[in-house]
Amino acid sequence: MRTSRLEAFSDGVLAIIITIMVLELKVPDEPTLVALGDSATGFLTYLLSFVYIGIYWNNHHHMFHVVESINGTVLWANLHLLFWLSLYPFTTAWLDESQLARTPTVVYGINLLAAAVAYYVLQLAIFRSPGGERLRTALGRDLKGKVSPAIYLAGILLAFVSPLLAVLCYVLVAVIWLVPDRRVERFVAASNPSQP
Amino acid sequence: MRTSRLEAFSDGVLAIIITIMVLELKVPDEPTLVALGDSATGFLTYLLSFVYIGIYWNNHHHMFHVVESINGTVLWANLHLLFWLSLYPFTTAWLDESQLARTPTVVYGINLLAAAVAYYVLQLAIFRSPGGERLRTALGRDLKGKVSPAIYLAGILLAFVSPLLAVLCYVLVAVIWLVPDRRVERFVAASNPSQP
Amino acid sequence: MRTSRLEAFSDGVLAIIITIMVLELKVPDEPTLVALGDSATGFLTYLLSFVYIGIYWNNHHHMFHVVESINGTVLWANLHLLFWLSLYPFTTAWLDESQLARTPTVVYGINLLAAAVAYYVLQLAIFRSPGGERLRTALGRDLKGKVSPAIYLAGILLAFVSPLLAVLCYVLVAVIWLVPDRRVERFVAASNPSQP
Amino acid sequence: MRTSRLEAFSDGVLAIIITIMVLELKVPDEPTLVALGDSATGFLTYLLSFVYIGIYWNNHHHMFHVVESINGTVLWANLHLLFWLSLYPFTTAWLDESQLARTPTVVYGINLLAAAVAYYVLQLAIFRSPGGERLRTALGRDLKGKVSPAIYLAGILLAFVSPLLAVLCYVLVAVIWLVPDRRVERFVAASNPSQP
């Protein structure tokens, strides 16, 4: 199977996920700034999940750039990743509606972690398929990919102290992947396409 | 007509179906694990339907890989299949909200069966179009495709005994298509791309 | 501008329209056949609109098959068509929820008519662009395209007698476009790609 | 990175935004013309946002037509634009449901302005990437692009006098971009692809 149709399908699913999340943003009942202020949490959680899907789309694209052909394992590992990403609208909406309560914050973190693990599993599946060695070389030490799950885990645990600290951890991972900071890049060395 | 645009349109529809099903997952009212537990049925039925759409996308892709060009009959047989698949979000949501009550379980099974029949009709339409003979050869005895409707029917009937048994039948078909078990593969012989 | 991106965008919009209509189907409150029976109107109106979008997608594809390049007028005429088609979920849902009341039936007919007119305007715009002459030849007398608006109008007027008669008119147009009846085809002669 | 996948992803997101906005249109409770009349504001605001997304899609297409390859900055500048555009369904729904109240009108204008600024930032990012000089030449003085934000700002301020005046400003910008008026074109000179 060529990668083009898998890429097109994944693009479609990611484009839909990133867009339907906005449907979870409740339109304020009153036409006032105060009522809009109640949507602030929703707006920020939406932004966070939007950035995450953007990062995954970006990395997903880089990853399949190196791959030549795919087998059934890669195909299902990819659908497995899309499954966890497709739950973002659900966990994001719960996080928002509960105003960052503890349980939804933990569940959101678990969703982020599950997607990261699914991305890692997808990488392993690609490593073993034709052309997979090239991806392994391109990834190098993949420090970003190894640090992210640890920060997710820290966030999930910190949620029991304070949900806000947990969300800060989730934001931190997004920033690590987002900001092309030269110092970070030198520190992280050759960690190009990988999971957040 | 080339197959590329039919494939792209089908990919789009399947990507949307697989993603909007998550909109049917009700966000829990309370920020507690107990409230999330009430979503467990929804989560599992979503997972089941997700896997089914994934299987159809996979098989659909293989099927049109062999086909060279399509006529009006194939085009409408394809839209007929997409119609039944587009009802999955509806029947899945009903199955979930009723907590696996008998009637919704039967209706869900009928939906699965209708999609399988539509897939079979699409295959017949392709058999008669240019290049269709190649698909017939590729399918071979197509044991998976012949066994699935029987298990669906068994599930629909078993729902009158116990809806849970019916759902187990539906899960069984998904597993048959999903797991690339070597023994099953030898048993099922040369049954590559076909309907679940 | 090449036609490929316009086709891809239109395919995307049509795929989304055809799929999100199912979101308007209300999940029955009770897990009973009686409750599902209340969704029968919704199911049938969904089917009708699904077939209409399918016909438009089919004809749209044929139409741009002949066209070589497009200008700004064609682009906006195409968006104009997509606008009216994007209202189908809205007018279909109203038709369904009112159980085929008179006003929603008239409004649905007006929506069908507006889309047909938009399709006709798009044809005219293409006639005047490079390669447009080929479409004019391909269309021939375009009897289907000329008869459809008349039947829509008849339906809209008949809604004041009985909404059911109006809906039958709308179904009739879909059938005319759907069924590749040989006698009809001989009668309608060379009317390939056109609006319903 | 090639531009093709970025274009495909953007097309997907824009196609979804333009289509899901119709989900915000509330189906009238009563099957009467009076009840439909209450949806008039919704219909017109939907039309306005539909036209805006259409303009952005059109200009976006022209813009990437000249570009050869893209880097990480262009990619994120593009996602930044898509983020603001993805909020259109939200701000449009609020504008509609409040029947053009002051605060939602201001917020809608800010959304339009933010998207215009994001488009401008995307242009700057492209200017600095390979082939970017060609876009700069193609844009010329870009009068439309410079006038639009000023009119948005005027609209936002006028909302404090009368929300209707503000909406007229927003309509004016759409018309400027929509109508290929020869006089305007001569006046605006060589301002082809740019932001509204």
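Letters are used for the chains, namely A, B, C and D, taken in the order the chains are written, and counting of residues starts over at 1 for each.
Here, a contact is a pair of C-beta atoms (placed from the backbone, for glycine too) under 8 Å apart; a residue touches a chain by one contact, two chains touch by 3 or more.
Quick caveat: nothing in here was measured; it's all calculated off a predicted structure.
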Counting one step per pair of touching chains, how few steps separate chain A from chain C?
2
For the copies chain C and chain D, give the interface type as same if over half of its residue numbers appear on both sides, and as different if under half do.
different
State, to the nearest whole Å, the distance from the C-alpha centre of chain A to the C-alpha centre of chain B.
27
Centre distance in Å when chain B and chain D are each reduced to the mean of their C-alpha atoms:
39
Counting only residues that touch at least 2 other chains, which ones in chain B make the list?
8, 12, 16, 20, 23
Check the chains against each other and report every pair that touches.
A-B, A-D, B-C, C-D
List of chain C residues in touch with chain D within their complex
1, 5, 8-9, 12-13, 16-17, 20, 23-24, 72, 75-76, 79, 82-83, 86-87, 89-90, 93-94, 97-98, 101-104, 107
Considering only the defined contacts, which chain C positions touch chain B in the complex?
7-8, 11-12, 14-16, 18-20, 22-23, 25, 27-28, 31-33, 36, 47, 50, 54, 57-58, 61-62, 65, 178, 180
